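Two complexes come next, and they have one chain in common, chain A, joined by chain B in the first and chain C in the second.
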Partner chain A sequence: MHLHKFEKIWLIVGIGSLVVFLLILGFGAFWLGTHPQSHGVTIDPQNIEAHEAFKPENLGVTQVEEDKYIINVVASAFNYDFGTDEDGAPLKHIRIPKGSTVLWQVTSPDVVHGFNVAGTNVNMMVEPGYISSLETEMKSTGEFTIVCNEYCGTGHHLMYATLEVYE
Partner chain B sequence: MAMEKLERFYDKSRLPLTISKQEARLYMTFIYVAFISLAIGGLMGLLQTLVRSGTITLPWGIDYYQILTLHGVILALIMTTYFIIGFQHALMGKTVGMSDKQRKTAWIGFWVMVLGTTFAAITILLGRANVLYTFYAPLKAHPLFYIGLALVIIGSWIAAFVNWHQVYKWKKEHPGEKTPLLAFMVVINMAMWFIASLGVAVAVLVQFIPWSLGYAETINVLVSRTLFWYFGHPLVYFWLLPAYMAWYAIIPKIIGGKIFSDSLARLAFVLLLFFSIPVGFHHQLTEPGIDPTWKFIQVVLTFMVVIPSLMTAFSMFATFEITGRKKGFGGLFGWLKHLPWKDVRFLAPFIGMLAFIPGGAGGIINASHQMNAVVHNTIWVTGHFHITVATTVILTFFGIAYWLIPHLTGRTLTPAINRLGIIQTIIWTVGMTIMSGAMHIQGLLGGPRRSSYSEYGGTEQATEWIWYQAAQAIGGTILFIGIILMVYIVIKLAFFAPKGNEEFPIAEEEENAEPTPKFFDNYKLWVAITIALILFAYTIPFVDIIQNSPPGSPPFDWPIGNS
Partner chain C sequence: MASIDEKKKEQVTHDEKEPDLRGTFISVLLVGLFIIVSWVLVYALFIIR
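This part shows the complex of A and B:
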């Protein structure tokens, strides 16, 4: 089988760039630890409250250290449960100081959902039976829309909350 | 010398074959269903963009997600599959022939698909299957929806069996000859389709149907998703490969040239077969239950597809340049000018090729392991597949329809229809640039896909998204005008254009082309390598998924209004 000289050059340059590209991806993933979220932590979707993190009192924002927070969320059709405020009303707006490290932990007791803090790389599939988790540093201030970005039923577009990162 | 010439003459007169009236009826019936589906699916698309721009609300209790399901199922699964099977049957009839028995079997395939389509359509129209075309568990549609989808797949397998039998018979009658290029490509595409759709067939038959009927209490969600995406990515190559068939083996004839390299075309198809299936994890990168190392391995396998894509790009432009230079157009870019820009059979697929440059680049971003998190499930992804399948693939299919329909109906593509076709191509390009462009940008800003109109509590981000949704409605409206025009052209070509003989363009090799190596016809080897790659990419992570499974999920019908 004959390959034209120019085609050889084209393919060598193309495949060469591909190899470099994949090495960069691999370096990022395995050395810098930027793998997409995948912890394989399972949970009984019909009994999520048996898990410490998803007991009603542990939902929402918990400060664990000076700059460290854990945010536990139950995603269900068509609501994000961040727990309640002092008056017992459901929380739809959460606040985090700029520069803090946040561990997001989300699970679903019903169908598949998405969890995307729009405009950031906090973007996870939430599936019944698994805990989706991702640690991130909130570097910029502002109001971020948290949206369900995986179809979960006819009220899917009404499933949202907001995150405020303040100075 | 004289003998050699005689032999060559004999070779050429034997191919291509003529298509009988009965065969033409079979091929056309598939194509009719495809264009009816295009009209319905296109209307749904228009409605979606209008709803999402906040312009209209749907009457009579119709749900946004109902028309979204219809749009996805009828365009991604029905329209494409019918067009591809009709086109591939025609290619086979033209290059290796179709016997009466094969034709009758192909009709059975058609009717099984129609039955399945009807079942699925009924459940969607009754609002009992608002699960979108990916039907992710544990959302539960009416069982008939899953049964319908299974029948569509089984019907398409019958088409595959017919195609393989056609080549088997032809090879027996022509010992020692290589399979004609287009027939080779059809065999490869159907081999890929069959191996890939086994995954979704298993999910539907073993998991979804018993579970939706109540025989199984729970479903393993991650297993069902993994089986779906084992099928879902090759599905997009199943759309793309018929476009490649036209690019490699039909476009050269239309521009008055020859096939650049028969062997390279075959090699590209074999590589696409290898690297289309063991790659489904790149659709599941942000899922919690799959080992990231195996995700990365499948990402690497995904990117192998860059190689046949680069080969294809080179072949296309080499064909254009060689043809131009042969016609005496010199200069660095003089050959570009000679291209038949005013021939819609060329123009539409050519714009499809151009769209594949940003389309391919977007695909690289999507599959880039960690970079996927930036765009996953944002409307960027919707923009991506509208510039690939709904531009690259569909414009090539339109380009095929302009000559295939009149060829099969015994009519001709008149200059007036050709002009309409050019207008259609321009409308499509403009509409898609606006719509897909707006989707890409909105996606980068975090706007979600698959969502009805929502102000998300009036956040600043959501307010920004709405402008792009308005742009999508403008693009969608332009595209719908394009669809009406295309349907008009199809009706004209099928029933009203003047009678005549429209050419079925099949390009030939150069007189002095290097012979194609014999090993290409070794289909068993290609299938064996494909299966080996699949086993490598899936065995360990799949066993891991099953061994570490959480408790299963019961069906949920109320979230989609199916209770």
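This part shows the complex of A and C:
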């Protein structure tokens, strides 16, 4: 088979970049442990309160170490449940110090929701029956809007909250 | 007869000039460059956020 010199070059470049991309993918998946946010961790959607993380008293921000936090959230039509404040009012504004590591754990009792802290890498699909989790370091200060980015019904646009990362 | 025909064909293909693929080559490299640059930009965004 005769190949033009240029054809050989672009085939080598194309196959070479495919190999490089696959190596990076493999490095991320097998070495760094990157995986989809809900990777088969299941929960009974009819009875999410049976799970330790989603008991009403465990929702919202929990500090586990000096700069380590766990945030448990129940996303349901059409609300994010971050627990309540001292007066029993639902929390819609949560605060985290800059530079802390946060483990987000979110689940849904009804339909598919989105969980996106706009402007950060926290962006997950939340499916009923699964726990979506993601660990991130909050690197920059500011107020970030938490939004549902999966259309979940007529009140979809009402699903939001605020995360404040302070110095 | 058939063998003569084949010989003729061979000669014809040998006489053909190689096509000029410089334009194609540059276009292919530009598309490749665009893909790689966009990938690097998205990856950088993921890292700094």
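By definition in this document, the second predicted complex is superposed on the first by the 159 of 167 C-alpha atoms of A that agree within 3 Å, B and C clash if a C-alpha of one lies under 4 Å from a C-alpha of the other, contacts with A are read in each partner's own complex, and residues count from 1 in each chain.
Just so we're on the same page, a residue touches a chain if its C-beta (ideal position, glycine included) is under 8 Å from a C-beta of that chain, and two chains touch if they have at least 3 such contacts.
Remember, it's a predicted structure, so these values are computed and weren't measured experimentally.
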item: Greater chain A contact set [chain C / chain B]; value: B
item: Partner chain in contact with A:K139 - chain B first, chain C second, else both or neither; value: second
item: Partner chain in contact with A:Q63 - chain B first, chain C second, else both or neither; value: neither
item: Which of chain B and chain C A:G129 touches, first, second, both or neither; value: first
item: Touched partner set for A:L22, first chain B, second chain C, both or neither; value: first
item: Chain B/chain C common contact set on chain A; value: 4, 6-7, 10, 14, 21, 119-121
item: Chain A-facing residues of chain C, complex; value: 18-19, 21-22, 24-25, 28-29, 32, 35-36, 39, 46, 48-49
item: Chain A residues touching chain C - in the complex, by the definition given at the top; value: 4, 6-7, 9-10, 13-14, 17, 21, 119-121, 139
item: Residues of chain B touching chain A in the complex; value: 63-65, 130, 132, 136-139, 221-222, 225, 261, 263-264, 267, 284-292, 295-296, 299-300, 303, 306-307, 310-311, 314, 318, 364, 368-374, 376-378, 445-454, 456-457, 459-462, 514, 516-517, 544, 548-554, 556, 558-561
item: Interfacial residue positions of chain A with respect to chain B in the complex; value: 1-4, 6-7, 10-11, 14-15, 18, 21-22, 25-26, 28-30, 34-46, 77-78, 92, 110-112, 114, 116, 118-133, 143-145, 147-158, 160, 162
